[in-house]
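There's a structure below that I have some questions on.
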Amino acid sequence: MTGEYALTVGVFTGIWVLLAMGLNLVSGYAGQPHLGHAALYGIGAYASALLTTRSGLDPWVAIPLSVLLASAIGLALSAVTLRVRDDFLAITTMGVNFVVVAVFLYVPFFGGAYGIGGVPPPRLLGVAFDRRAYFALVLGAVVLGALLDRWILRSWLGAGLVALRDDELAAEASGVDTRRFKVVAFGIGSGHAGLAGALYAHFAGFITPQDFGFPVSITVLCMVVLGGIGTLRGAVTGAVLLSVLPELFRFLLNYRMLLYGLLLVLTMRYQPQGLLGEGSALVGFLRRRAVGRPPVPRAEEVGRAAP
Amino acid sequence: MSAVLTQQVAAGLVLGSLYALLALGLAMVYGVLRILHVAHAGVFAAGAYAALVTAPRVGAWGGVAAAVGVCAVGGLFAERFVYRPLLDQPPLVPLIASIGLFILVEDLLRLVFGPYIQAFPIRPPLQGLEVAGVRLTGNDALILATTALLLGGLYLLLHRTTLGLAWRAVASDLEVARMMGINTNRVVALNLAVGSALAGIAGVLVALYYNQVYPTMGSVVGYKALAIIVLGGLGSVLGTAAAGLLLGVVESLLVAQVGFVLPRDAIAFIALILVLLARPRGLVGGSA
Amino acid sequence: MHVRRALLGVVLLAVVLQGSLGGYAQERTVRIGFFAPITGPAAADGASARQGAELAVNEVNRAGGAAGRRLELIVQDDRLNANEAIAVSTRLIEQDRVLVGVSGSYSGPTRAAAPVWQRSLTPLVVAYATHPEITKTGNYIFRLGVLGSVEAAAGAEAARKLLGAQTVVVLFMDNDVGRNFSASFRAHAERIGLRVLASEVFPLGERDYTPLLLKVRPLSPDLLYVVAYYSEAALIARAARQLGVRSKLLGMQGWDSPKFLELAGEAAEGTYFTTTFDRGSTDPQVRRFMQAYEQPYRMPADIVSASTYNAIQVVAHVLRGGAVSKAQVREGLARLRNFRGILGVIERFTPQREVVQPVYVQQVRAGRFASAGAIRDPSVIEPK
């Protein structure tokens, strides 16, 4: 993979990683099945696109604003759907995805089917970002996001989320305010999605409603689950795998989707915790390698070891 | 009611019947396995293709039998090799597996039959008729009649046979049912088989109605079916059928009166969101 | 040990030789980058697009190449996704080192990818995508398909002057193509005194047109102008027939596919549509193309395959003119004059790199597409 092409793939991969990290917070930790992540992705993208093309804001201002907007909407969404549980929630979030895309498509303010074009790249010292710079930007965002997530997961919020995931009833019985945790997780996760969306908009320069449809939500969910749900490393790995592999396997042209489906089924069947999830074969293998094999006691040592 | 309105309601009922037939299988699987069987949409498409391929050789009924057969086998396969081993896993796992299966089936259909839309060669056995001032084509009548028969049959099965009793027991609580001596594996397998067979019939009817068979035909209705089973109370056969029919009518009326302000799918989901906010357990909350 | 080293040496030698031979072949081979939705929701059109392009490349090579140089078509799949179109375009330009690109894809992916081609100063020939913004990306982007606004205006002309309609109802699909066509149709209709009684939009992928047609039937328009792809068009035609709608039906190139005939069945009979692919053309080139396509691919050609075939032929023509570098190919395209392709004679490209060529009207007669006139009036077909 050469220069510009690698950078392009790198940028898109970084965006997928951001999306996966965000979804991981919601589904992996708070345990809420979320099939509408792409809606928040789209909200971030459209917000930044509109703020820069219609209101003339600088991308450096528009992007953070879009993140805040996406977080806020995520918070509101979660608060409203609190009563809805589990499988109902999954389909409700799916519904939200469809409705949001429909709004982008039908409400003229959002450019309708034509989408929004001419979204400007960010500039530094008057020079527009080229691919190299953009890759650095996305990488920076990913690192920041990862640091943020690790900090969260190590904090009281993280403890609460893990308790929530492992056993919601027990958590509630122990006095954990599950509702608040769910909502906050949703909000932060949505912020990740919003950032990914804004970054996408300024990179591609052109967005349409179809870019944020339900299939995208499914893809991100697959990335998170494949990599190892409930782990940061799983989300990142899953995202990298499922965005880079299709590029490497372009020569398979016709059979990519078939293999993709097969990969999902087989992984769920034999490694349901994900490739890098807790207790997976790969993790076990890596851990054993890192620790080193237990030393085989030599004859003299055995003798000496006797108490 | 004016003639035009009646016509629109009738059209809505026909559409709703198709929705109901497809969603029923989904509801049945959820009822016993608590799994969102996304791959059901793939089974549906496979059924249509099975009929497409066999009907020219063995006639219309042969085609239907092929569809039912292929789908039942497909459902059994999914249950045995994908879902059963994953019953203890958190719900996201079988969901992703189901999605993978769906993608797999869709792409297989594309690779084997080509991506092109194909016409469906079967002629409807019924003639057009007029009932109470409403014009129904042969296809319309066939769909309504088939759905009514199948719904009736399903109801009888569920409430008048021991299998149905076992079914409802398993749906209520798998563990308890097993402890009571019910062969849960067999019941679940049969459940999947019947549900998938229904999808196969739905596939044939949809192909007949629109004269189109193509690999991604499952996606189009599949998402909506998920909304329908939630509206129907997730697992309730009666609720699902009612929700499907109602949605068909509401969509048709809305489109006819107001126009396409939003795509049909969005209508289904808006209805879903509104209903769930008001009644978090669905229209017919609980199982049946 | 020695055997292994010897083998390694042989392998290395082979690679080096291949590389240099490849380099030599590079000068005698022209790489054309091609992207289309090979898999995904538009796989059918992707297949048509690819087949049309491949047929053209094979034909040119069999005839000795373009100015003695072999054409190599490098096909990539964009799955109808904007971001994949960007990625594959970058790959084609940078990794596969193509001299020129052809888009066999829809408007969305093409529009997203266009800046990539422009920035790298690699010419891109757009076979059939209709979004107006595509060519505005820059002077390396050329569009071969007739602009949506032009075809729609031609449709209005045809409705009024060829089909004698006084009143029309417009039905259009809800995407950029639909909105573009319906707006342009209405604008031109107004200019020539054709009355548009109503405009109704329907969502992409809609299956049930009964409510929609029940709504417009009472208006009794002379003609229904239907902006839709062939599967929806077929459903509309069938529903219209079933509901006894008497209006003439006029579509656009979205209808242009043998699938329309298959899916609409008897309801297709007597319907019209505008397109750039004239089945009834007397040009032997067109007949040869139709036969050559149907043989290996076992289905008749449609506008998509005809468009990509045409695109490759245009590129080959420019190469025959002596163009070697990317800039020269661009120049060759800009200076193209009166090129006789299978979609008619391309007079030239406008300064905005839009094509100027006639729009044909086809009618379905006895289950086939037949000529029903052409719109050549420069004031209509000249893109504005």
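Letters A, B and C name the chains as they come in the text, with residue numbers starting at 1 for each one.
Heads up, the rule we're going with is that a residue touches a chain if its C-beta (ideal position, glycine included) is under 8 Å from a C-beta of that chain, and two chains touch if they have at least 3 such contacts.
Note that the structure is predicted; figures quoted are calculated from it, not measured.
C-beta contact counts were set side by side for A-B and A-C; A-B has more. Relative to chain A, the most remote chain by averaged C-alpha coordinates is C. Here the CA centre of chain A is 37 Å from the CA centre of chain C. Taking each chain's centre as the mean of its C-alpha atoms, chain A lies 32 Å from chain B. Touching of two or more other chains is recorded for residues 107, 262-263 of chain B.
The multi-chain contact residues of chain C, meaning those touching 2 or more other chains, are 39, 174. Shared interface positions of chain A, i.e. residues touching 2 or more other chains, are given as 105-106, 254, 257.
Chain contact summary for the complex, chain C toward chain A: residues 38-40, 75-77, 81-83, 86-88, 90-91, 93-95, 108, 111-112, 115, 131, 133, 174-176, 178-179.
Listed in rising order, the residues of chain B touching chain C in the complex are 4, 7-8, 11, 15, 107, 110, 114-119, 137, 210-212, 214-216, 219-220, 252-253, 255-256, 259-260, 262-264.
For chain C in complex with chain B, the touching residues are 39, 41, 43-44, 46-47, 174, 200-208, 210-212, 214-215, 231, 234-235, 238, 242, 259, 262-263, 265, 299.
Listing the residues of chain A that touch chain B in their complex gives 27, 31, 33, 80-81, 83-88, 90-92, 94-96, 98-99, 101-102, 105-106, 214, 218, 221-222, 225-226, 229, 254-255, 257-258, 260-265, 267-269, 272.
Residues 30, 34, 36, 81-82, 85-86, 89-97, 99-108, 111, 223, 226-227, 230, 234, 261-263, 265-266, 268-270, 272-273, 276-277, 280, 282 of chain B are the ones that touch chain A when the two sit in their complex.
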